[in-house]
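Got some structures for you, see below.
Two complexes, one shared chain (chain A), two partners (chain B, chain C).
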Partner chain A sequence: MTVISMKHVSKNYSRIAALTDLTVKIEENVITGIVGRNGAGKTTLLKMIAGFQKATKGELRVFDENPFRSLLVSANSIYIDDAMSYPGSMKLHELLDEFNRFYANWNEELAVRLMEYFSIPLNSRHRFLSKGKRSTFNAIVGIAARCPLTIFDEPTTGMDTAARNDFYRALLKDYIAFPRTILLSSHYIDEMKDVLEDLLVIHRKRIRYHGSISDLQEAHLSLRGSSEQLSGSTLGKIIVSKTTRGLQEEWIVENDFSDAERAELNRQGITNTTVSLNDAYLALTEQPRGGIDDVFNA
Partner chain B sequence: MSLTHRTMGEVVKQQFLFKLRSNAAVITVLFVMQAVVWGLMIGGANTGLSMSTFELRWNLITNDGVVIASLLWALVVGVILTTPGQRNASFTYVSSPVTENLANFCFFGLAAIIAGVTTVLSGSVMKLVVFMKDGNSIIETGGLIAAPLDFFSRIVVMILYTLLIMVVVYTFMLFVQMNRLMIVPIVLLVLLSTKSGVFDLLGIEGNMGTLFDFFYKESSFWLFLVKTGVVMVIVSILSFFPSSRIEVKQS
Partner chain C sequence: MHDVDGEKPIYIQIADWLENAIIDGTLQVDEKVYSQYQLAELFTINPATAGKGLTILLEAELVYKKRGLGMFVAPDAQEKLRAKRKEQTLLQIVQDLLNEASLLNIGTDELNQIIEKERKQRKGDQT
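On to the complex of A and B.
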């Protein structure tokens, strides 16, 4: 079942375009990573899906309804970011009680256990927590709500490494027990790669890629060898980036190599492997690996 | 995972209760304001009249200060419930613009009842204190026992004034949030309908009457009820226009 569908969706703030001509479908019970550079439009996209903001153009449907002003979408989705608004007068256990009243699938026991595990006192107030603990509390809310559509926008901001790892592990465990559609946005693609099934890359306010992680990795090839070897073997190929690694060079190229061409690369002693997810993402978003070296080498 | 279907009534009720719990301090502020003003007013204003043969001195004690404090509080409550912080907090939980608006009106209703009852009762307590301090007093309005209908109509009128201010200010603020330029026509409309407004500034006799006279000088209780009721319903309906267009979490 399709949970989110967009047809030529655009969003403008006044006359400034935030997102342009998005067409995509996100299926039920899939964890999709939403990635893109700063200002690419990730948060705007997630807020439109949550129903907080209205698409300027195009058709956006969530659970087959326009999410803006939709009670159905609100009752079946939760949006977690690092700027959650809670009443300052209420303690954390009171906030959890409110979530319990509003969300049908809310698991109070799980929320309290996670609060204990992350050493967040239930009697504290959200504004008195450290930045990392605030994010952890928000993340706990997102997991315990067990909403059919769970949206995390930069959920790990301020968390330490251990808390980040624990969050992704907790999310994955709860997802396996109670599958749901999850959208997860982060700048740290490597740390969330283990929980992701699909990736939606937004670049320059448009969708640059939507599909499985393995397909994205296989779409690029990393070649290692001398500059001369690589130049000779990549004639007619699209080179995404070039990096010098000691005596060798590493080039990332778009992978349209045939089996025969791959065999030829092996014969010439050029190491050719599929790229890491991070490298594939960097390639898609035109962030040259090692590009900063060029600044100093100029 | 199957979808949850919530009725509008359920969500409005939950949002209303949430607003009560999260805005308890707002009600406390009303009591504090009323108590402070009550304390200041109970002293009264000493006035005297002296002739060659006699001297007349009297002490005027009035509950008007508490009424004004409650109405000012109503104005602030109307503003507070339109702030982005309040709206974002509502949308942290299940909400839609319609349920948000309806829950706010429920909150206004209860807040107005509390303000109306406590304001009129503060007048009664004031009379009791004056009576116990100095039995020689002239009381302008009747109490619960002497004139129960009058007493309850005072409570209803106070509730309606408080509610009217909350709803009008709330709707005005929503329009301004939707588009800041809306402040111009709304302020012009208010100025045009008051004697001390644009007409006076331009030296022209206004014949629209005053906005305040429309309610304040109404001597019939039932007509007042109809007037405030109709105006509140119209303004409340108008408020759905901006509230359904304002986006959430814009920062």
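On to the complex of A and C.
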């Protein structure tokens, strides 16, 4: 079943385009990572899906409804980011009670156990928590709500490394017990890549990639050797990026190499390996060549 | 710095891990293999990714499916894996070895001597 579907969706803020011509389908019970550089349009996309903002053009459907002012979408989704604001007079346990009233699948016991584990006192107030603890509390709410559509916009901001790892593990365990559609955004693809099935890359206000994380990784190959060697071996191949690494060159190329071609690379002493997911992502979103070095070479 | 081995997709790492368990006998013939959900929990990975890893073993007929019960190690799995490693992994290592040898101007005779010397030392260690 398709949970989110977009056809030629665009979003403008007054006359400035934030997202342009998005067409995508996200299926039920898939965990999708949303990545893109600063200002690429991730938050705008997530807020539109949650129904907080209205698409300027195109057709956006969530649970087969326009999410803007939809009670169905509101009741079946939760949007978590680092700007969650709660009534200042309420203690955390009172907030949990309210979530319990609102979200049909809310698991109070899980919420309380996670609060204990992360040492967040039920009696404290949200605004008195540290930045990391505030994010952790928000993340706990996102997990315990068990919403059919769960959206986390940079949930780990401010969390320390241990808390981040614990968050992703808690999310994954609860997802296995109670599958749901999850959208996760982060600046750090590496910290969330293991729990993802799919990746949606937003670049320059458009969708640059949507598909499985392994397909993206395997679509590229990293070659290392001298630039003469590499030029000779990449005739007719599509070169995505070229970087100087010490005395060697590293070229990331589109991977349409056959086994025989790769064996030939080995024979010539050209190191050829699958790229990391992060490098594949960077190859898609970085300036075509040179990158930051060009700024200093002017 | 970049890892020289690059980074294998997670589902391949899962398949490798299971294959190693079969080669070294941790998983015996006809023994039940971890389910995709067990693997997902074990390694904190997406169950779909774990499932993809299992599919590699299934397609290579290293495991077989019993309906409703899960997957089990095929009788000839260990044998198949040994042959595969010989053709792929060992060949890759030999290619790396020859690249390094040519870089160091080491000829075939000298290379053979090094291998023979190392082999003798290992035999010595074992007795």
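Throughout what follows, the second predicted complex is superposed on the first by the 281 of 298 C-alpha atoms of A that agree within 3 Å, B and C clash if a C-alpha of one lies under 4 Å from a C-alpha of the other, contacts with A are read in each partner's own complex, and residues count from 1 in each chain.
Following the convention adopted for this analysis, contacts are C-beta pairs under 8 Å (C-beta built on N, C-alpha and C of every residue); 3 or more make two chains touch, one makes a residue touch a chain.
Small disclaimer: the values here were computed from a predicted structure and weren't measured.
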### Message
Which partner chains sit in contact with A:Y103 here, chain B, chain C, both or neither? Use first/second/both/neither.
### Response
first
Tell me the contact category for A:K173 with respect to chain B and chain C: first, second, both or neither. second
Practice prompt. Please indicate which partner A:N266 is in contact with in the superposed arrangement: first for chain B, second for chain C, both, or neither.
Written response: second
| said: Quick check on the superposed pair: does A:E250 touch chain B, chain C, both, or neither? Answer first, second, both or neither. | reply: second
Note to self: Quick check on the superposed pair: does A:E197 touch chain B, chain C, both, or neither? Answer first, second, both or neither.
What the structure shows: second
Item checked: Which of chain B and chain C A:Q217 touches, first, second, both or neither -> second
_Let me test your reading of the model: by the given contact rule, A:G39 touches which partner, first (chain B), second (chain C), both or neither?_
neither
Residue overlap on chain A between the chain B interface and the chain C interface none
Chain A contacts chain B in the complex at 29, 47, 51-54, 63, 69-72, 74-76, 79, 81, 83-87, 89-90, 94, 98-99, 101-105, 146, 148, 178-180
Within the complex, chain C is touched by chain A residues 30-31, 168-169, 172-173, 176, 193-197, 212-214, 217-218, 222, 245, 250, 263, 266-267, 269, 271, 273-277
Touching chain A in the complex, chain B uses residues 1-6, 8, 11, 14, 17-18, 21-25, 85, 88-89, 91-99, 244, 247-251
Residue positions on chain C within touch of chain A in the complex are 2-12, 37, 40-41, 43-49, 52, 92, 95-96, 99, 102-103
